[in-house]
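Letters are used for the chains, namely A, B and C, taken in the order the chains are written, and counting of residues starts over at 1 for each.
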Amino acid sequence: MEEFFIPKPTRVDYLKAEYGLKSWLLTRDHKRIALLYLYSITFFFLIGSVYAMLIRLELLTPQGDLMQSTTYNKTFTQHGIIMVFFFLIPSIPATLGNFLVPMMIGAKDLAFPRINLLSWYIYLVGGLVTIYALLAGGVDTGWTFYAPFSTTFSNSYVVATGLGIFINGFSSILTGLNFIVTIHTMRAPGMTWFRLPLFIWAHYATSLIMILGTPVIAITILLLAFERFAGIGIFDPAVGGDPVLFQHLFWFYSHPAVYIMVLPGMGVISELIANFSRKNIFGYGFVAFSSLAIAVFGFLVWGHHLFVAGQSIYAGMIFSFLSFAVAIPSAIKVFNWTATLYKASISYETPMLYALGFIGLFTIGGMTGLFLAALATDVHLSDTYFVVAHFHYIMVGGTLLAYLGGLHYWWPKISGRMYPEGWGRFSALVVFVGFNLTFLPQFVMGYMGMPRRYHMYPPEFQVLHVLSTAGASILGVGLLIPVIYLMWSMRYGRIAEANPWHLPGLEWRTQSPPPTENFDVTPVVTWEAYEFAPPEETEVVGTFRE
Amino acid sequence: MTESSVAIDHATSHPALQHHFENMEQQREAGTIGMWVFLVTEIMFFGGMFLAYTLYRSYYPAAFAAASNHLDITLGAINTAVLIVSSFTMALAVYGTQVGRTRMQNICLFLTLVLGLTFLGIKAVEYRSKYEDRLIPGRLIPGREFGPQVAEANDTDPHKLHLRDGASVRQVEMFYWIYFAMTGMHALHMVIGAGLLTVILILSLRGRFSPEYHSPVEISGLYWHFVDIVWIFLFPLLYLLGRHVH
Amino acid sequence: MQTWVPFVPESASTLSWKVDALYFFLSGVTIFFTLLISGVLIFFVLKYRRRSLHEVPRPVAGSHKLETLWSVIPFLIAMTMFAWGAQLYFEQFRSPQNAVEVYVVGKQWMWKIQHTTGQREINQLHVPVGRKVKLIMTSEDVIHDFFIPAFRIKTDVLPGRYTSQWFEATKPGTYHLFCAEYCGMNHSGMIGSVIVMEPRDFDNWLSGNTNQQSPAVAGQQLFQTLGCVSCHGAAGEGGRGPALAGLFGSRVSLASGQTVTADEGYLRESIVNPQGKLVTGFGPIMPTFQGQVTEDQLVQLVAFIKSLQGQSSQPAGAGTGAAVPSPSMQAAPIK
């Protein structure tokens, strides 16, 4: 086997380069910024999880007996807001993306390191404003803030929360801007577009969505805020406004936003599948372009959230057609990942377990999306637990699993330590089982008619709710364990070599953890992506060459 | 490679080269692409407001014509001319830095700044007259809610609003809401642009820019031209509706 | 109600089994592909597991044929799903002509149901088996949604507008009614029942209810007390204002040059925002009644205007800009 060049450590690694709080809070190093994000994102994830736990506890019984209705309404609203805006959207790009994009292309840092740090501060400020709103009394509009409830009827901290989300949007925009410029201008010599890891393609596509979509939610929140405190009627029909206009503006961003959440995850999965089977991804070009296709098509389907909202039925037809079209690139990825495993050399470490779990769960999540893209079934399923189950399969079964898989995979590069493999595999299994038990029953109860955002419900749904809550407890345990052992490993984990998995990626051809400038010398790239063996040895599928 | 050889590389390079870039060309390219990407986000941001404008204009055409007619077209036209000239002076400033004509560079930067501030001053005058005529929408100004005086048939008082067939005061308020949102957001971007230009002017006076290194001036120019172009769309859409009818 | 855990709710309307058919097709395809992918994954993962530490497999070239195959086949399946769903959606949303109309007004947090024969219900809707029923719905405050799982239908109920949906019930019984658009504190309490009865039982129920005014009659009274007769005539023949007799369902030319259909939404809008769609040939003299009529009263006025038959396209003279009647004026007696 080709021994990939593993340099001897010659410089101080980025964790030891400087000490002190100021060296972290004023850092320009993309790797330190990634860690700052890691800690803050984990913090928000824990808050969002507490809300999730409260929801599932309340839903154990048909009556609303754990908390009052308004409290419950605030709980699910805040669960959604924290998880969507402060966990899912930044998670992979801001932690793994920030850390790896420069390294994978052979650069010393992102194009604008100070803007990168500013992004993190903006994220923090947005998060703190939102937390202030939650502590001051919370918001009960649902994370979707539909008018006129949010503009005129809700007695909660809508504007403050909106302000927090508005501020946070700039963090997203600046991160996307940074990635696009970096990938265009700072690739190392020899690193052509089609030698880039698929992780980079995925982040490039994600960044396109971030910069094009986020400004629209910004203006939507501003309009909402002005209507609320200045009495200007743009959405409230009582003063001549149009409530459906709010939905169009909101979903024009929020649908592409779900692709911001899932595309980076798909990029991680490509890395995990390729590297843990020691093969190039089958159909590399198709997978790369499918990321771009998802980004473009993702902007054309927002109306599928309005099939029963008073949108014209002809518009509904167009959006339904496009929603089916956007599923095809995702299907192509799933088939290509699976085909990569053919005649591969597969190992079962924790990251690979998460990747395999992702493929199965994303298939279910994606295909249940088709039920919602089809107009007639969407009429019945809209606003039921079926939708809740669908998006959790993609966001948790997809994005969260990819995030965990990526964290484990690059953990030696980030921290210089290995995580405990036994615990890793165990928690991956617990997460998989707990997750399915939580959300599979929700598909069933959704078709049965169980509406979402319900505090109390008819007794015939209780069995399914109890199963779901049981699953959630297991899932919670499965997610808590990695938090503990990853923190433990930073201090006591086994010290990792530079390239512990023996892989050809550029990020592995430097120390673990890397020095501040990433590489001793600017690398010159002469190999293709995922080149484990010389290209002359490539086998064409279906023929035998022995 | 050793640390020292990398350090030597940077020691012989331009003082403005940042440590993570390989050379000035890469740095310049990154800055330019970065500004273009940022301007794309601004297009999307203003786009939302243009959408609201288009929608409500199609709902209430008579009200929009009436309200637009009531805006001060003279001041608006002067402002348009001011901004176009300022884009010209900005382009001259960039050209000056490219060829090393420092006096032209500094004078033109200064002129651009002055013209930008002139624009803002005229805008302030316009806003003030709207405030006096009670045309600030909703409850934005507490105690001074939207409530313009409506003119009777032959009243020539310029402060009074002439409503046309089918227009109502509430619909006119929608126009003014969009007017203030769009011009206000534009004015905010002008203020930021003025601040940016001030910094660039100070740096330029200190001799920071040269034909070898002037990308901050170019990039600020891009931003300034963008803000100008937004106004060129705003002016006809807001000020020139229904002018042919009397 | 059921106490066990089936996978499909009761099927009680003419379209519900059709929705179920599509659902089963979608489920079948989903389960098939899930099993296929998982199966292949597990098979490959076991068969091609790493057998020695430094083993490197031979790279495998991509295949355009395979890529085409697994793009085209899913696309065809997707198009089948799309076409099926779209065709059924058209059936769901094209209200039939000969349906019994029932008005629904949603408000935080209850449903007010008004039958055209006069019965009013709160959180319950009685309907007969085998009759097409069209719901014409609006909200008094925020967006709600009228969801009947057993019929597989739902539509958002919007303030300031009418939305509608239709069904034909096939099986007597009591079925859930849910609000399916989050609307505030008691959203989960905004539930009720749809009670489907045999025609005979339904007739009994109709006559068993105390005589309540039909909305059209109540609307006629409002038409007088609000002063509408002074411009539109007591029988809607027109005058200073456009004629209302025969107006419902006809095409109307507006001052802006557009032409619109006079549906329930148009009638409602013309009462609360008269300048919104000014009829050609008339001046902007009609005052607005926004804030002076409730949604229930608007339903009554609309029902009354719908009941006015007569010549439709006779504009009763152009507006003369004469004195504007105030909405609080007591009407002249019926002529």
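One rule holds for everything that comes next: a residue touches a chain if its C-beta (ideal position, glycine included) is under 8 Å from a C-beta of that chain, and two chains touch if they have at least 3 such contacts.
The structure presented is a predicted model; accordingly, all values stated were derived computationally and were not measured.
S.K.: Could you let me know which interface, A-B or B-C, is made of more C-beta pairs in contact?
M.R.: A-B
S.K.: Based on mean C-alpha positions, which chain is nearest the centroid of every protein C-alpha shown?
M.R.: Here the chain at the core of the arrangement is A.
S.K.: Return the distance between the CA-based centres of chain A and chain B, expressed in whole Å.
M.R.: 35
S.K.: Between chain B and chain C, what distance separates the C-alpha centroids? Give it in angstrom.
M.R.: Here chain B and chain C have centroids separated by 45 Å.
S.K.: Considering chain B alone, which of its residues make contact with at least two other chains?
M.R.: Counting only residues that touch two or more other chains, chain B contributes 171.
S.K.: Could you check chain C for residues that touch two or more other chains and list them?
M.R.: Only 273 qualify.
S.K.: Two-or-more-chain contact residues of chain A, please, as numbers and ranges.
M.R.: As it turns out, chain A has residues touching two or more other chains at 240.
S.K.: Under the definition above, what is the set of chain B residues touching chain C in their complex?
M.R.: 59, 61-62, 165-168, 171
S.K.: Of all residues in chain A, which touch chain B in the complex?
M.R.: 10-11, 107-113, 173, 176-178, 180-182, 184-186, 211-216, 218-220, 223, 226, 229-234, 239-240, 242, 245, 249, 517, 520-522
S.K.: For the complex, which residues does chain B have touching chain A?
M.R.: 1-3, 6, 19-22, 26, 29-30, 33-34, 37-38, 40-42, 44-45, 47-49, 51-52, 55, 137-140, 145, 170-171, 173-174, 177, 181
S.K.: Using the touch definition up top, name the residues of chain C that touch chain A in the complex.
M.R.: On the chain C side, the touching residues are 1-3, 5-9, 18-19, 22-23, 26, 29-30, 33-34, 37-38, 40-41, 44-45, 48-51, 54-63, 66-67, 70-71, 74-75, 78-79, 81-82, 84-90, 92-93, 108, 141-143, 145, 147, 149-150, 152-156, 158-161, 163, 176, 178-189, 191, 273, 290.
S.K.: Enumerate the contact residues on chain C facing chain B in the complex.
M.R.: Contact set of chain C toward chain B: 255-256, 273, 275-276, 278, 283-284.
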